[in-house]
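Note that the chains take the letters A, B and C in the order they are written out, and that residue 1 is the start of every chain.
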Amino acid sequence: MKYFAKKTLTLIITLFMISIATFFVFQIIPGDAVANMLGTEATPEREEALRQQLGLDKPIPVRYAAWIKGVAHGDFGRSYRYAENMNEMMSVSRLIGDKLPVTLTLAVLSLIMTVILGFFIGIVWAGCKSRTLDAVFGIITQGAMAVPSFFLGILIIFFFGIILRMFTPGQYVSYHDSVAGFFGYLIFPAFAMAVPKSAMAARFLRNAILEQGGLDYVRTAKSKGCTDRRIMWRHILRNAIIPVITFMGTVIAEIVAGSIVVEQVFSVPGIGRLLVSSISTRDFPVVQTLILYIAVAVMVVYYIVDIVYGIVDPRMRSNED
Amino acid sequence: MLQINNFSVGIKEKIIVDSLTLEIGDGEVVGLVGESGSGKSMTALGIMGLLPHTAEVMSGEILLDSENLLAKSAQEMRNLRGRDISMIFQEPMTSLNPTMKVGKQLMEVFAVHSDKYLKDEAKNKVLEVLKSVGLNDSQRVFDSYPHELSGGMRQRAMIAMAMLLRPKLLIADEPTTALDVTVQKQILDMLTELKEREGGQKMSILFITHDLELARHFCDRIAVMKDGAIVEQGEAARVMDEPSHEYTKKLIEAVPGRRTGRKHHADNNIVGSSRDAKRDKVMSVSGLSAYYKNKRKGVFDRQTLMKAVDDVSFDVYKVEVLGLVGESGCGKTSLSKALLGVNPDVRGNIERKSTSARMIFQDPYSSLNPSYTIGWLLEEPLRAAGVRSAQERQRRVNDMLKMIDMEGYNDRYPGELSGGQRQRVSIGQALITEPELVIADEPVSALDVTIQAQIMELMLKMQEKMGLSYIFISHDMNVISQMCDRVMVMKSGSIIESGSTEEIFAHPREEYTKKLLDAAWR
Amino acid sequence: MKTDNTAKGRTKRIRMNGYLTAGLIITGFFVLLGIIGMFWTPYSTTAMSASEKFAAPSLAHLMGTDNFGRDILSRVMKGLGTTVMVGVLVVLVSGTAGLVIGALTGYFGGIVDEVIMRINDALNSFPSILMALVVVSILGTGSRNVIIALSIVFIPSFVRVVRSEYMRCRNADYITNARLMGVSRIRIMFVHILPNIMSTFLVAVTVGFNNAILAESGLSYLGIGVQPPDASLGKMLSDAQGYLFKAPWYAVFPGLTIVLFVLGFSLIGEGIQRNNRR
């Protein structure tokens, strides 16, 4: 139990560090955000007024406290670029609100595909005895890993969109309009992300299986009279899965980051696309919030991975007391 | 019961087992003895039908109750394994599945071999067998993961697994080699007992070992294997006392403690008392305690120290071999590290005449830097010692290569050498700067017996030539008896007994020393 | 430090294998093409020609032309040049920094090591493209900032690899032995240990190259990396996406170039690893 408590404590500390890091990193940005916002209408008086309005005149720790308090209440400040109406800028949380589920769906879809594809290929590959087939798997996965997701996305658009007409490139379907259409569209960007990642996962799993297969306990299982299938499913896989779990943490983190690029390719209005456009327009409250979101998501993923790891590997629980 | 006829196995054109013929009778214990690479483990795997994919059976038959195992299908062999033939392996630490509870792994034998098995009944049987192998706390063992048990307990669990279905034949491949000597003896005694207890149905054992003395003690008959073939077999006592084959003689000759090779320096026999105060001391240790750091769990945790060596005092004299004996975890290695100044957490006093102490390590595969040639490796200590002239260094390297019988190996890499050759280089590396004292930490325990003998001979030869002293660390009383002038026995960080080798071996005072000597069986 | 005999002792022959050969040929070809592209291209990379808009691949234009009638091969060569430069500089800076930090922390250990590693692990757990985005959003876009961003972002992964190798070696008997001989710490770190971790480090370098290439082209594709007039394969792809139907070759050639270049490095890495295993 101590293992889990320790991991939880680590998560809390890390999240705290991340919040500090995200806040301060955006304090050292060159160029005054206020001057930036007002543009040509800038006068010293106006700047001063706006600065006070935004609370930028207070010392940094106070601003951090105010910011983190806001974050805790779901208030991430207001965008510099997007207007709510004539008088007010749009609040960041509203701006992100309907984009978050899109990216989340995309990432989860992609993860499911990665796991299914990766495990299937990895297990089949590890079990194949022919040397030619082994080499073919090797070349295919090596190739799949070398394709950047945006190029793969373009290829998918070309084949599935333009030639096979299975979807209309650029015509994203909102889940408000049609849930089926929404998934029907997101399947393709998810697939673009899943291909290289599942190749990585397959290679990793295959190597882990082969490594485990050579260990002494497998020989013991054989000497007991276990069938090959029993050895694979009850003995090898359970041990081979342990390093794969850790590895999946990295894969999920990369899927989250990969969605930034893939949303751009497929014109999916998720937070990745918003992040890129906000970086281009230097809309820092939005950038800051999105970075915080993604960082927290990544850390939580690693936390979950650690927990699963502890459940699967009994050595973890008792060794690290 | 088991009859192996003309059995041959090859791997890639190379013959690993060469026309092996061997018979094991009902209830008989047959020892298969040989050095590493002699093909004894391959023979065992061949009987089990578990040869690696690269290996190929070239000829012969293996008859179990006059049924040829080699003609059986994979399915038939699976049914046989664990039921009629069982096997226990050398490595208790890794032979159990680390993510499955021990009990479940034992239950699996029933799951595999009986069509319908009743869980409760099977569990009771497992608990009973666990008790019979000396694991009295059987319920706890049943619910433990392997990493929660000690090496000896795991090996017992392995044996329990092998015995569950009362096999006709048990193959034991070096079952005690990885264990401490005192545990070794317990395990073998227990195996003998189990065999006897089987009553009506007699179990036969094929006992594979590199250790002749162990085989003599445990087996009815012994077969000696070399390069894949059996060179001699017969009654255990006969083979040991009147070996007929040259190789057997050589093996027996090489067994440490058997030979009378060690010529003790006349005056060394009376060391260890104050009479020797006049003699030159190379090193003098008083009140030495050494600690090691517990691994800290976090940045802010307090560092705790564990005492590994507890208030130890002794002297090392010029031109002597001082033995240090004890089981793993007794603090031998911590002591040697403290003596060398590698461990910073030390209390007490170490006086050394010169700073040049060197070390010879146990594992010849990790004690030489694999990235450099033998010539470079031998030269490095000279460079570090500040010998400026390259010619001078080269000359000394060549001299040393000659002395360790490795002439012409200048440009070879450690990876190209055998274990024995590597150990020679290690000795050369330790001695090239002509130190007064060398600490040798189990320098021969990773080697085959014949190589062991050569290395010990070399160490003694170098001692005579260079007039140096050794602190010789070992767990093996036989090796100690052959090498050392004086012996210190170490247990739980303290030296509990010391004296001249003759004294200790003839009249051990401490119970623990007696136990060690007893476990060595000679 | 005298190294008179050191070089001789170190020359261990590199064993070739299929992966290594194929990888070296592919990588060599593209690096060469990129270096040539920095100085010379068959056509000007900026010359537009309305008459030759969307010309399909032909002998005159091996990879065809784009929406402004510019020669795609020339632009691919130019973009490859940028990629090679970014990759080399990033790996050089982050690899060297990673090697030094990893060697020191791994060899000496202690509190400093633990603190550095906690931070390092936290940074390392974030995908490199995300970290690069953060740095770029602070520094701004452009190839110089991309190089700075990626150099910083890739240091932790090198530190991690080098450190764990040094920790593994630090307790090896042969290193204890060298310490007993009185070999200096610096010499132990860089003469005794370094050659033993070299192959692992080289694998990390090939991975680093791949990640640098992918990150640079990714950022450029998003429009926040290398900026015009510098050519970039990623930017070409994003331009080409609008003309997929009309001129598929516009997207295919820059894309394939990235894929093969990355594949070349992966093969080299795989080749080194296979050598090690034996």
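Note that in this section a residue touches a chain if its C-beta (ideal position, glycine included) is under 8 Å from a C-beta of that chain, and two chains touch if they have at least 3 such contacts.
Values in this document were obtained by computation on a predicted structure and should not be read as measured data.
Enquirer: Give me the two chains with the most inter-chain contact pairs.
Expert: A-C
Enquirer: If you take the mean of the Cα atoms for each chain, which one ends up farthest from subunit A?
Expert: Comparing chain centres, B lies farthest from subunit A.
Enquirer: Between subunit A and subunit C, what's the gap in Å when you average each chain's C-alpha atoms?
Expert: 23
Enquirer: How many Å are there between the centre of subunit A and the centre of subunit B, using C-alpha atoms for each centre?
Expert: Computed value for the inter-centroid distance: 51 Å.
Enquirer: From the C-alpha centre of subunit B to that of subunit C, how far is it in Å?
Expert: 47
Enquirer: Could you please specify the touching residues of subunit A with respect to subunit C in the complex?
Expert: Listed in rising order, the residues are 14, 17-18, 25-26, 28-30, 142-143, 145-148, 150-151, 154-155, 157-158, 162, 169, 249-250, 253-254, 256-258, 260-261, 264-265, 275-276, 279-280, 282, 284, 287, 291, 294-295, 298-299, 302.
Enquirer: Under the touch definition given earlier, write down the residues of subunit C that touch subunit A in their complex.
Expert: Against subunit A, the touching part of subunit C is residues 122, 125-127, 129-130, 133-134, 136-138, 210, 214, 217-218, 221-224, 234, 237-238, 240-241, 244-245, 248, 251, 255, 258-260, 262-263, 266-267, 270.
Enquirer: Note which residues of subunit B are touching subunit A in the complex, please.
Expert: Of all residues in subunit B, those touching subunit A are 48, 50, 78-83, 86-87, 89, 91, 94-100, 108-109, 112-113, 145, 147-148, 158, 161-162, 297.
Enquirer: Could you please specify the touching residues of subunit A with respect to subunit B in the complex?
Expert: 215-217, 219-227, 230, 234-235, 238-239, 242, 312-315, 318-320
Enquirer: For a test of understanding, state which residues of subunit B touch subunit C in their complex under the given definition.
Expert: Subunit B residues touching subunit C: 299, 340, 342, 357-359, 361, 363, 366-373, 375-376, 379-381, 383-385, 390, 413, 429, 433.
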